[in-house]
Amino acid sequence: MIRSILSLLLRALVVVSGASIVTFILLWNAPGDPALAIAMARYHQVVSADVLDQVRNEVGLDAGFWSAFKAWIGPLLAGDFGKSTVTDREVWPELVTAMSYTFPLAMLALVCGMCVALPLAILATKHPGSVLDRAAIGMASLGAAIPPYWLGLLLILLFAVYLDWLPAMGALSTTHMVLPALTLGLGVTASLTRIIRSGILDAREQAFLPAFRRRCVLSRNIGRDHIAPHATIPVITVFGLELAFLLEGLVMVEVIFGRPGLGSFLVNAIEARDFPKVQAVVLLTALVFVVINLIIDVIYQVIDPRIGEHDA
Amino acid sequence: MTLSVSGLSTERSGRIILHPTSLSIEPSARIGLVGPSGSGKSTLGHALIDDLHRQGRIVAHVPQSPDEALDPLRTMRFHWHEAEAALGLPHDAPRQQQLFSALGIAHGDLRKRPWGWSRGMQQRFVIAMALIGSPELIVLDEPTSALDPVVAADSMDLLDRFLSGRQTAMILITHDLALAAQRVSQLMVMDNGCLVEQASTSALLNTPKTKAAKALSAHRNWMPHPC
Amino acid sequence: MLNVDNISVRRGKSPALQDISLTIEKGKTLAVVGESGAGKSTLIASILGMLKPWCGTITWSGSPVRTCRPALVMQEPRAAFNPAWLLKQSVLEPVIARQSNLPPKRLKRLCAGLELTPDLLNRKPTEISIGQAQRMGILRALIAAPPLILFDEPLSALDAVTQKHTARLIAHLQAEEGFAALIVTHDLGYACAHSEEIAVLKSGRIEEVSTPQDFIASPKTKYGRKLRDAAVSLGALERAA
């Protein structure tokens, strides 16, 4: 038990550190002059070569890759995310502010998506091939096919421009969260419906189910006690993978709706080559992934201890 | 009380796989349902169980392999309690103990899931579960083919011993006449979805009448066959 | 002649086979019986060269066993064929793989011996009965005339009547073709009826080797006796008087 927990934590450490180191290398070697990007972000105008040199010196760009790497990773190991190269302010408080916009939105989209997808999938699988089932599949395909940036714009046009019911941009009140949550939620609902539906249909094909019916176990109980656990395994597996798409959609949605969340934070940071900020977001994202995958592993252990038994 | 069914038939995708069949089963009967594969033995077994359930009789079924009877994600205890609840019975520890020791699985750890038990023990657990409500009939579908011979023989012996002196009738579904002949007193032969012949075991072995029964009887032994 | 000389095979850390020695003469049959997990499949995999024994050697008439290109007949007849291919393609594959020539009429003669009509060769594995599929598997094993054929539970997917029929066809063809056969089975009745020698395998070791007559009359080991008594009680075997 202790060994498996340790190995899980070790794997988590490898993923998180790997992701941040790779990002650092990518950023460092990205085309274009980082000093120019930083200076543009600082002064919002074309600057002279002297100023560029000064920026280079301040940020440590001229000291070479290794010293920059050391300058970044040293404080990070002590829990210090460093200061923005553009504004010279601490990254951590700004990151916390950005998260306070992003996490409620992501949670709302996930919870709404789950609340719609689960009953829809269960209803749809009552009678496979029925009108309801086809409608659910249709909705799921549609939701998967519509990209969030397009849907977001459509929703803005409809609800903010023509009907003027909801605000389009910003994050001042909770009503500002409705449109972005809808945009994100449709994609989430679509993919969840698809996964849960196929999970249930596959679980129903289990060879042992006829024996339970012949043992006079009520079909309600069979659904709850035998089909549901078997359906859960593929659902959480795919869910862990789909999370990447959720994050991708989140970035786009925040930029479209002008929300000052992690998405906008990241896009601005990349444009300005604000290394510490980009690194902070990457680290955070990797952490979220690792934590969710840890939770999924724990759920596997509870439902079916055989999974991962022969893992290294 | 005699169990009887009439006019059982089954159709699958427009093809009749079980022609209308009627039969009656005396208490304590030992019946073998034999025939080549695809002859509709299991189909008849299933239809028989479903029909008797509709009549409100207690009938139990033991599928061919424990994989077809137990949920790998649930503990043995869960299975047991579920089977009791399905029959509307409260949990009864002495009955459980009695059945477990009769089938030689009293040492099994009920907190484990099926795959934590050997296959032979799983199969005996399934048989014990089938016996919970003192059924009037227990239908065993190819009980030996998924198990090692030693384990299969042990399971059959334990079941035989448990059933002797009780009212529970037994139907043994198998393709192997030699196996059936060891265990039952009456034989029913199926061919192409029809029940073609019924006779006592010795009569069927010695004087088979139909073509299907003759083939089964002629090929029941492995030993010397003039080629 | 197949000569398995004192081999031990490990799977993972635990030994799967220990100190196994066997010989099969040309044209003879050895049956290996035992419970599941005893190492029967490991033995087959080792003889085919898919697992390497960490000690001991397996030879065919003095040279490594793969030089004689042994054939294998598998347990699940339909699963043993590529479902997308016509059976003809699968059956002729060994000939093509060996780049040898198929003597004229050999296919026809073997088909007749296995009671397969040639038109079945133009079907797919799912379009024939399971008994026919297993005979196709035997046909594929025989087609390139290997001197050694391994049978892994060849009859367990078939019903009792088909089992005996197929076993007799195999015996006929063996008499004609003269291949050595190793049959892995848990059916003692089959093993006794169609082999010259029986080896009892338990937990990776050979418990005893004897002729069927001796084995039925008096098994030498406790496990052998259990195996025989089970077979008797399941009707697979009649105890010799």
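Some observations on this one:
Residue numbering begins at 1 within each chain, and the chains themselves are lettered A, B and C in the order written.
Assume contacts are C-beta pairs under 8 Å (C-beta built on N, C-alpha and C of every residue); 3 or more make two chains touch, one makes a residue touch a chain.
Here the structure is a predicted model, which means the values were calculated and not measured.
This structure's chain pair with the greatest number of C-beta contacts is B-C.
Of all chains, A has its CA centroid at the greatest distance from the CA centroid of subunit B. The distance from the centre of subunit B to the centre of subunit C, with each centre set as the mean of the Cα atoms, comes to 31 Å. Spacing of subunit A relative to subunit C, judged by their CA centroids, is 55 angstrom. Distance from the subunit A centre to the subunit B centre is 53 Å, each centre being the mean of its Cα atoms. Taken together, the subunit A residues at the contact with subunit B in this complex read 206-208, 210-212, 214-218, 221, 225-226, 229-230, 303-306.
For subunit C in complex with subunit B, the touching residues are 35-36, 129-130, 156, 158-165, 167-168, 171-172, 186-190, 192-194, 226-227, 229-231, 233-238.
The part of subunit B that touches subunit A in the complex is made up of residues 46, 49-50, 53, 60-61, 63, 67-74, 78, 82-83, 85-87, 113, 115, 129.
In the complex of the two chains, the subunit B residues touching subunit C come out as 36-38, 119, 144-145, 148-154, 156-157, 175-182, 215-216, 219-225, 227.
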